[in-house]
Amino acid sequence: MPDVKLVNISKRYGKGKIIAADKVNLEIKDGEYFTILGPSGCGKSTLLKIIAGIVKPDEGEVYVGGKLINDIPIEERHIAMVFQNILLFPHMNVEENIGYAPRVKGIERERRVKIVEEIVSMLKLTLRSTAFPDELSRGAQQKVSLARAIASETNLFLLDEPLSALDSRVRLELRYELRRLVKELGVTAIHVTHDQEEAMSISDRIAIMKRGRIIEVGSPVELYLGPRTIFTAHFLGKMNFMEGTVKEVSKGECLVEIFGGVKIRTKVKGRFLRERVVLAIRPEFIKLSKTINESDQNVIEGKIVEKFYTGSYVYYKVKLENGIEVFTLTEAKKMYNDGDKIYASFPPEYVILFKYPEEGLEKQISLE
Amino acid sequence: MEEGWCLSVINIKLIGLTKRFGTITAVDNINLDIERGELFTILGPTGAGKTTTLKLIAGLLKPDEGEIYFDGQLVNDVPPEERDVGFVFQGYALFPHMTVWENVTYGPLVRGMDPEKVERIGREILSKVHLLERADSYPRELSGGMQQRVALARALASGSKLLLLDEPLSALDARLREELRFELRNIVKETGATAIQVTHDKYEALQLSDRIAILRKGKVVQVDTPMNLFTKPNSIFVANFICDMNFFEGIVKKVSGEGAIIELRGGPLVKTLDRTHRVGERVVVAVRFEDVEIKPGETKRPYAIYGKVERISFLGPFIRIEVLLDNGEEVSVKLPATIGYKFELGDRVTTFLKPTKIIVYSYPRAGLAEELIVE
Amino acid sequence: MQVINLFGKKINVRSFLSRIFLTATLISLGIFVFLPTFYLISFTFLGWNEVYREVFANPLIGDEHWQQIKGILIFSFRIALISVLIDILIGIPLGYILARKNFRGKGVIEDLVTLPLVIPTSAFGFATLITWTTIAGIGGFLGLGRGLVELNYVVPIVKIPFLILIVHVTLTFPYIVRIFKSKLEELNPEFEIASRSLGASVFTTFRSIAFPQALPGLFSGAVLAFARSLGETGATIIVAGVNTTASIAIVKWELEFKIAPASFLGFLLIVIASSMILPVEYVVSRERSTSSLPNLTEMLKIEKYLLKFEKNVSRKLYWIKEVVSFIFIGVCVILPILVVLNSVVLYWNADPYTGKIEGGVIYQLFGPANYFKSLIRATAVSLIVAAVSTYISVCIGIAAVIIIEKYRFCRSIRSLLKVPLVVPTSTLGLSMILLWGPKGLGLVNPGIWLIILTHIVFSVPVVVESTLASYEGSDVEVYEEAARSLGATPYDVAETVTLPIIKRGIFTGAILSFTHSLGETGATFIVMGRDATVSTLVVNMVEALAIPAALFASTYLIALSLILLFAFRKISKG
């Protein structure tokens, strides 16, 4: 059950042009399910490979359980890895694959078979132990690969985009399996992915990464409801952004004027008077109504432009009277149609205020 | 088959389409009717035969049985280069030795279009996908999202009225996919073309399609609008694939004018509005995560099922709570995060399955587990 | 779809044209490649009576020829077997290094591994000869005053002449290294990382994961190497001394007009070569390889000790494989070349030991023997032959690739095309003379045209293999589908998509075959008539004991090959 610490890890490729890791510092607690989340190319896989010993960092140290492991080769780091490409040995059957780690440790066949049986039942796998990987579905293959990792009886699990190569439906099921197993076994897990829904649903804490830098670290709820950066706000779930300028400030609240002279009231910490800002609000917090209610604040008139059906809830694209378009997430039973006139209200407690980013809003939230 | 037949395709009809590879029947007697201008999605697990179907329509594969009609004309013997389809391949298949411009203008040029017209179309399409400035770049210099747009532009440039999209977004990051999804729909709808897209991602299908056909092991299982598929899935497989569904085995205890009362394993009873099953029949009760009511503590109410909170997952706007019921089974509940945050691990809770939302299926011959396999 | 009316029948123009194309290609392949390869078989059958009489029931010597043939075959087999075994020992570590490691000068090592495939065999044989047996080589360097090894020195235990062995090993090891290396490269290296993450040391990983999967490659490379050794002629002629291998025997008998035993031996060699290649091709094309290796070590109860041993070796002795491989390449490939270069300089003006000008390079080239003139003429012949045969081979080769990819029944052509590569070159020469020459169709006499026809036989397979490798390695099919969906006819597709993408493969095939043609000795020797190429000129020079001239010619040829090889690498990587 080790804890893992990365201190000032840096790694560059392509003669210094590509920055995979830029002075990364991370602390992962013992027994935690920790996810590193970011767009493709942000360096998350590189970090995992540095922890595994597959890649050597240019600078920095890696500590596992308090011990410096920079110079220890892969096979002696006591890790269990699960890969995006699954990587079950194609010339070995299920039993031989799962039993591989015990075998290279020198454990005899009888004991190995018992270990394999135990793990197969823990994962509720219902397949022949003599089957070869290419006879199994991809989801089953990845489960076997998980079993193979568990059989090495180590306490640090490194999962490199373990679900990305699977069908989306299979991903939904397997992700909860991952968390269940990790918690049952009491191991520390570091999971790398680009899928924010996956990260939020199974992690204890998430580190958001972009272009080699850690942007923010926090629990899913913290990052979703109280993101400290615009990038995090945009990357996790859906977010509406509105640019504006602060017009008035008083007692922890401010009035922001956005496009078209419309004013939004929201909470604020610190001095922002006359500064350019970005307001952010999640679609599910915008209230839609056919009439104006007394208790609603920050009400803006608008028109339903489009709707996107996701099952019991619907995303409405609403064009506000000032021309800005926002997405709302509303219960399907409140059926609105394209062209309906509507009132959208933005409760101040859910409006998040950010300083306008230097490089511009679009660049700040870009994923590539 | 008249000579020099070139076309403006609008609706597609597949009759009895079958394709085998050795002993495997990849496409099994498919019948589909796709209307003009429709954005039609074929949804199913990998290996269900979706890409094969698309390639049969494009003429890149020859069917073993069955016919394909474009606007009433039989096209089985028309070679792919004469079917006038715009195909977006799964890996994009951008010609690596040609620039973006050359890729996009390939179709019109090879069909012998007037060079001036080609120039105009190339500029128009590239502007539409915001890639005019990269016209001289090579595919390997572009990011995944950009390559996808070039692939789309190339398919659109030929001006064909039928677009075939093979998992157009699956090679992209989850987040990027979500963004490009809507752009894709807008561009396709703008051209007015009929579009058939293929995917394994149910969100994509639900959000973008006019109608969806669910494919399983080469066969069409259900064809309907997203809303109907969601509210009235015709089988356990579809219900499991499209919705987030709880399934319980049960036996019909009593049938009245209102509906059946069903006993679940271990004794708890649920009330349903189903009138298609008889007393003593083995059934499967299906209810969506969001259609399960959950209240803290144990409140007495008819048809309540009690349990303990086992797992809580945060999904952003929603929270999913897995409850270990007293009868040993598990039920998942999905509710808005603003309400769900109140629950904690280990809490005793009362769950209630909303009768108006319960769907009852006959117990499948192959067994419930088999029907729930999504691969 | 264009349909025209021809003689009252409706014919689809496109399928008509493709059928003509298919037929023309098959005919060309038949005439230029397969007929010569297999002709000896039919020749022997047709003239069986005469052959039988000469070989088995000769009025003068009874079945003496048959006894000789038996002895020679056993001798050649022994050489081939031992060579292949040594090749495997060297090939595994070398293949592993080239597949998995990156280091400065890796390109040079790869070139040196490719060199024996294209080096003029006669020049190379000569270089090896002087390196080991004369004072100009190692012997002189060590101050021994003579050659290190005697010409006919036989290695104990295996009872094979040292020179022949070293030449065969050097000329055949590339087959094993290249195929093993490419099989390893095909393997996703992440499998080995997965194995290590599960606790296995580097050596254990190699034994359990990489090796079993690359084994089919090793096997098929071994077969090719074996067949190549059986057929090796050019270098063997020079270093054989008093020994006779099968391919040399064919040359000797042909020069003595003893056609019957020569053709019978050739017939036997072709049958053996084909019956080895074709089954192996079939086995290798099947996907699943064996996992029985790990189980074997377990059954022998040595698994535990093996694991420990591998762990230690991985940590401490990992550098051994590099050392062994590099020593081998240094001694067998680089050294002879250096020696030749050195000697040319040494012998430039006069024999350095006797001081006689007659023993100097300049004298021999420009003096009474006037080898320079022959060299110029031979160079012209070599270049013309190489250029023309390569050009024709590329044309036939591209057509062959198209039909192999398009028609399922043509897939077997690919395996069949491996046979000309392993048939002994002297056999091929004999076949050509008997087929086209005065005794056969009487269409072509020995001379430059017959040389060209002969070189086409082994150049076409080279071009085809290289192009196919490029075709399959680059997913061209996906792009072809895309092009067709955009409205391109099959002809458009080939012109605008397929050819541009695979042209690199075609170029490398062309360069390989050009270089090989320059250096080919065995077959050329038989069919050349009075038109000598540079490589056969070397043989003549050696036999006439004009050593300095041979030195010069060899250096010149080797340098040419090296330059072409360099170009080959630049293009194939570029």
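When the chains are written out, they are named A, B and C in that same order, and each has its own residue count from 1.
In this section, a residue touches a chain if its C-beta (ideal position, glycine included) is under 8 Å from a C-beta of that chain, and two chains touch if they have at least 3 such contacts.
Keep in mind the model is a prediction, meaning the values are calculated, not measured.
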Next on the checklist: Contact counts by the stated rule: is the higher one at A-B or A-C?
Outcome noted: A-B
Checklist entry - Which chain has its C-alpha centroid at the greatest distance from the C-alpha centroid of chain A? => result C
Checklist outcome for this item: Here the gap between chain A and chain C, centre to centre from mean Cα coordinates and rounded to Å, is 55
Checklist entry - Distance from the CA centroid of chain A to that of chain B, rounded to the nearest Å? => result 24
Checklist outcome for this item: Interface with chain C, chain B side, in the complex: residues 1, 3, 55, 58-60, 78-82, 84-87, 89, 91, 93-97, 106-107, 110-111, 154-155, 158, 164
Item to check | Footprint of chain A on chain C - complex, ascending | outcome: 188, 190-191, 193-202, 204, 208-209, 212-213, 288-291, 294, 298, 303-304, 307-308
Next on the checklist: Quick check on the complex: what are the chain A residues that touch chain C?
Outcome noted: 52, 54, 73-81, 83, 85, 87, 89-93, 96, 100-101, 103-106, 109, 132, 148-149, 152, 158
Next on the checklist: Show me the residue ranges of chain A that touch chain B in the complex, using the header's touch definition.
Outcome noted: 39-40, 137-140, 167-170, 172-173, 176, 179-180, 194-198, 200-202, 220-221, 224, 235-238, 282-284, 308-313, 315, 329, 367-368
Next on the checklist: Residue numbers of chain B touching chain A in their complex, please.
Outcome noted: 45-47, 143-146, 173-176, 178-179, 182, 200-203, 206-207, 226-227, 230, 241, 243-244, 288, 290-291, 311, 313-317, 320, 322, 336-337, 341, 374-375
